[in-house]
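Chains: A, B and C, in written order; residue numbering restarts at 1 for each.
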Amino acid sequence: MEYLGLLNYALFMAIFIGIYALLALGLNIQWGFAGLFNAGIAGFFAVGAYTSAILTTEHADGRIGGFDMPFFVGWIGAMIAAALVAWPIGKICLRFRSDYLAIASIGIAEIIRLVVKSEAVLTNGARGISGIPRPAAEFPSMAQETAYLASQAAYLAIVVVVLVAAYLLVERQFNAPWGRMMRAIRDNEGAAKAMGKDVEFRRLQAFIFGSALMGLGGALFAHFNRSITPEAIDPMVATFLVWIMLILGGSGNNRGAILGAAVVWIIWSMSEIATDRLPTEYAIQAKYIRLFLIGLMLQLVLRFRPEGLLPEPLRGDRRAPKSGADHT
Amino acid sequence: MDFLELINFYVIPGIVLGSIYALGAVGITLVFAILRYAHLAHGDLATLGAFIALAVVTGLGVSPLVALPIAIIATAAVAVGIDKVFYEHLRERPKIVTVMASLGIALMIRAVVQVVWGVDTETYSRGIVRPENYFGLRIRDREILTVIAMIALVGGLQLFLTRSKWGKAMRAMSDNPNLALLSGIDNKKVVMLTWVIVGGLCAASGVFLGLNTELKSMMGWQMLLPMFAAAILGGVGRIEGAVLGGLVVGIAEELSVLVIPSEYKAAMAFAILLFMLLVRPTGLLKGKVL
Amino acid sequence: MTALLSMDRITGGYGDADILQDVSMHVDENEIVVIVGPNGAGKSTAMKSVFGLLTIRGGRMLFDGDDITGWAPNRIVQRGICYVPQVDNIFREMSIHENLEMGGFLKKGDLSAAYDRVYTLFPDLKERRKTLAGALSGGQRQMVAMGRALMLDPKLLLLDEPTAGLSPRYMEQIFQISRDVRDTGVAILLVEQHAKQALAFADRGYVLAAGKNRHEGSGADLLADREVAEMFLGG
C-alpha cells in the first residue's frame, strides 16, 4: 500500500534525523560551546553502539556478553563508555589549541575502527552483533503491517523523548553563567589561558559530555537497526555529515543543530534516491560525487553563511579580526 | 631471530616507510609553522599526487620516476588552487575554521580520486621485485631510491630555506609573523610559495608510497596520523625534526609487530603522538606549540 | 621650516574605542623626540598611529610632504618610516645577519652598504653576525631590532620603549646609539617609560595623559617643569 509505505519511510527518516540530531547536539556542546574540534565522532558513535549491544544482547558463545540487560542500562552504559574513551584524549589534548584535538580524535576513531574489526571477542568481528533488542517493538494484537508501523512510531517517540531531554539539559547549561563564560572565551585563546585550570576542566567536561551524547546516538542506532557491524557506518562520512549539520544549522545554537540535522539528512537521503535511479555504471561514481558535493557544501557554508541557518543567540563576533597572527 | 633478520625485515622497511612519512611530515610542519593550522587534507593531497603519477605512467608509458616531477608540479598547482579558492578567504577567521575546511577538502579530493580512478587497488608496475643482496642486507632498488629522493628533496628545501631570500622570508614568517609583515614581507607570496612546496612534497610522499606498496584511494588518509605524529615528534616548524620524526615513526611501526598484533600497527603513530603531547609537546628538537 | 613628521589633531584607537583624542605632535629632521606619560596615557598608541597600526578617525598625518593618514604599514615602510616594536622585535631563530637581511627585504639591489652602516653603528653585532638572535642578551636583541629597522635607510625611526627591562648600562648604550643614529641623518621618535633619563637625552619631548597632549617642550624644560615632575617623575 503506497500510503503506508510513505508513512513508513517518513518515520524511518524521522528516526534517523533524531539520531543525527543527538550527534549534532553532542558536537554543539564540544564545538559550539567550547570550541573543541572533534573529528572522530564516528568513533564515539561506534563505542556507544557496541557497548549497548554487548550489554543488552542475549548470551552468545565466542564473545564477551551479551549480558541480556534492559535497553536503558545499555544506553547508559553506552554513554559511560564513550565518556571513558573521551576522558584521556581530552585530558591530554585540551591543553593545546584545538588542532591537536582534531588530529588526536581522528586517531582515536581510527583505533576504535581497528578494535571493532579485529577484536572478535568483543565485537564478533566482521559479522557484527545482531539480535539487539529493540524497545517497544512488539505489538502482537495488531495486523502485521500496522504492527510494524506502530513499532516504528514507538521507536520514534523514544528517540524524540531522548532528544528533547538532551536538548533541555544542554540548553540549560548553555544559558548558565559558566556557559556564557565558556562561549565568551571560546574565540579567545589568550583569555582562556589566563583563566587557567578552571577553563581546562570545563572544556574537559564539555568534551566528555558531548562524546557521551554521541555514544548514546550510537546506541539508539544499534537498537533501531537491531544489529551493528563494522560496515554499518562509514566513519569519515558519518563524522562529516554531523559537522555539516551543525555548521549549516548554526553552531552554538541547539535548535540550529537539530534543524541542520533535519535539513542535511533530507538532502543526503534525497540525493541517494536520485543517484540510485542512475544506471549501475554511474551509480558508484554518483556516490562519490555526492561526497564531493557535501564537502563543497561545507566550503560554501563556511564562506557565505558561517553563522548557519539559526545563528547563535547573543554571540560575540567570531569574525573579529585578531591582531596579526595568533600565537598559542 | 638474528640481527640481520631484524635489520632486513623490520629496520629497512621502517626506514623506507619513515622516509615516505618524512616527506609528508615536512609539509605538515611547514603549514603548521607558517600558516599556523593543522592541514587535514594533507594525506589526500598525497593520494592525488600518487594517482596523477599513475595517469602519467599508464598514459605515457614512462617509469614512475619520470612521472614524479610531473606529479609534483601538478599537485603543487592543485595545492595553490585549493588555497586560493577555499582557504584564503578564511585567513582572518580563527585558524580552526580552516582546519575544518581542510577536513572537507580531504573528502573532496578523495571523492575526485574515487570518481576518476575508482576504488580498486592499483600499482605502477606489475610483478614482484626481488631485493638485491648487499653483504647480507636485502634491499630493493626502489627502497634505495625512496631514501635518496627524500634526502635530496628535503636537502634541497633546506638549502632553499637557508640560502635564498624567499626561503628566509618563509622562515621569518614562521618565526615572527608580525615582524615579518612590519619588514614588508609579502604574506601572500610566502603563503603561495609554502603551498607550492607542500603540494610538491605531498605528491612525492604519495608516489613513493605507491611505488613501495600500492595505490588506494584511502592511502593518504591512512598516512595522515603518522605524518602528524612525525611532525609533532620532531618539533613543529623543524624540517630536520620532521625527517627524524618520520624515520622514528616508520621504524616504530615496523618494529611494533614484534610486540603487538599487526592489525594495530597504525596505533603506534597514535601512541607516539599522545606520548609526545603528554611529556614534551615541543618535540625532540624544540619546535612550536600552537 | 616644515616638520619631517607632523601629526595634526589625531583621534583614533583600536576597534571602536578612541584612545587618542586630538593628539598633535611633530618631529623635525635630525631630531630625537620622546613621548612620556603615565601608564595608559596612550604613548605607544600614539606611535603606532604613525605607522598605520590603528584606526584613525580624525586628524591628519603628514610625512615628508605626503599625507600618509590611513596608509598600510608596508607602504609606510617603503616611504621611509621604520618601526621597532617593544616586544617580539627580532626573528629569534634566525642569525643576526639574517635579521638584518629581512629588515632590508624591500630594498632592491645590493644590501652591502646598508649592512656596513648598521655594523658600523653596532660593532658588537658584526662580530656575532652568525649567532641566532634568540641567543642574545636583552640589550643586544634591542640592537638587532634597531639594526633591522635601519636596513631600509629610513628617515624616521620609531622606537617603542627600547630600554624596557634593560640594565642602566644597556640603557645608556641604547641612548648613545640612538644619538649616533640621529647623527647619520635619521630622526627618532621614541616612547619611554624611564621619563627622567629619556627627557635628559632627547631633544624634545611630549607628555601625554589620558590620550591627550599635556605638555611639550625641550627635554630640559620639561624636566624642570614642576607639574611634569609631580605628575610622574616621582616628585
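Throughout what follows, a residue touches a chain if its C-beta (ideal position, glycine included) is under 8 Å from a C-beta of that chain, and two chains touch if they have at least 3 such contacts.
Listed by chain with UniProt protein names: A, B = Hydrophobic amino acid ABC transporter (HAAT) family, permease protein.
What you see is a predicted model, and the numbers here were worked out from it, not measured in a lab.
Trainee: Which chain is in the middle, if each chain's centre is the mean of its C-alpha atoms?
Mentor: Going by the distance between chain centres and the overall C-alpha centre, it is B.
Trainee: My parser should flag the chain pair with the most contacts; which pair should that be?
Mentor: Maximum number of inter-chain contact pairs occurs for A-B.
Trainee: Distance between chain A and chain C based on Cα centroids, please, to the nearest Å.
Mentor: Comparing mean C-alpha positions, chain C is 55 Å from chain A.
Trainee: With centres defined as the mean C-alpha position, give me the chain B-chain C separation in Å.
Mentor: Centre separation, chain B to chain C: 44 Å.
Trainee: If you average the Cα atoms of chain A and of chain B to get two centres, how far apart are those centres in Å?
Mentor: From the centre of chain A to the centre of chain B is 31 Å.
Trainee: Note the residues in chain C that touch 2 or more other chains, in rising order.
Mentor: In chain C, nothing touches at least two other chains.
Trainee: Could you check chain B for residues that touch two or more other chains and list them?
Mentor: Within chain B, the residues that touch at least two other chains are 178, 181.
Trainee: Residue numbers in chain A touching 2 or more other chains?
Mentor: 323
Trainee: Note which residues of chain C are touching chain B in the complex, please.
Mentor: Contact set of chain C toward chain B: 51, 73-74, 77-78, 83, 85, 88-94, 98, 101-103, 105-106, 148, 152.
Trainee: Can you list the residues on chain B that touch chain C in the complex?
Mentor: 165, 168-169, 171-172, 174-176, 178-186
Trainee: Okay, in this complex, where on chain B does chain A touch?
Mentor: Per the stated touch rule, the residues are 32, 36-38, 40, 86, 89-90, 92-97, 99-101, 103-108, 110-112, 114-115, 118-119, 177-178, 181, 221, 224-225, 228, 232, 261, 263-264, 266-267, 269-270, 273-274, 277-278, 281, 289-290.
Trainee: Quick check on the complex: what are the chain A residues that touch chain B?
Mentor: 35, 37, 39, 89, 92-93, 95-100, 102-104, 106-108, 110-111, 114, 117-118, 187, 236, 240, 243-244, 247, 284-285, 288-289, 291-292, 294-296, 298-299, 302-303, 306, 318-319, 321-326, 328
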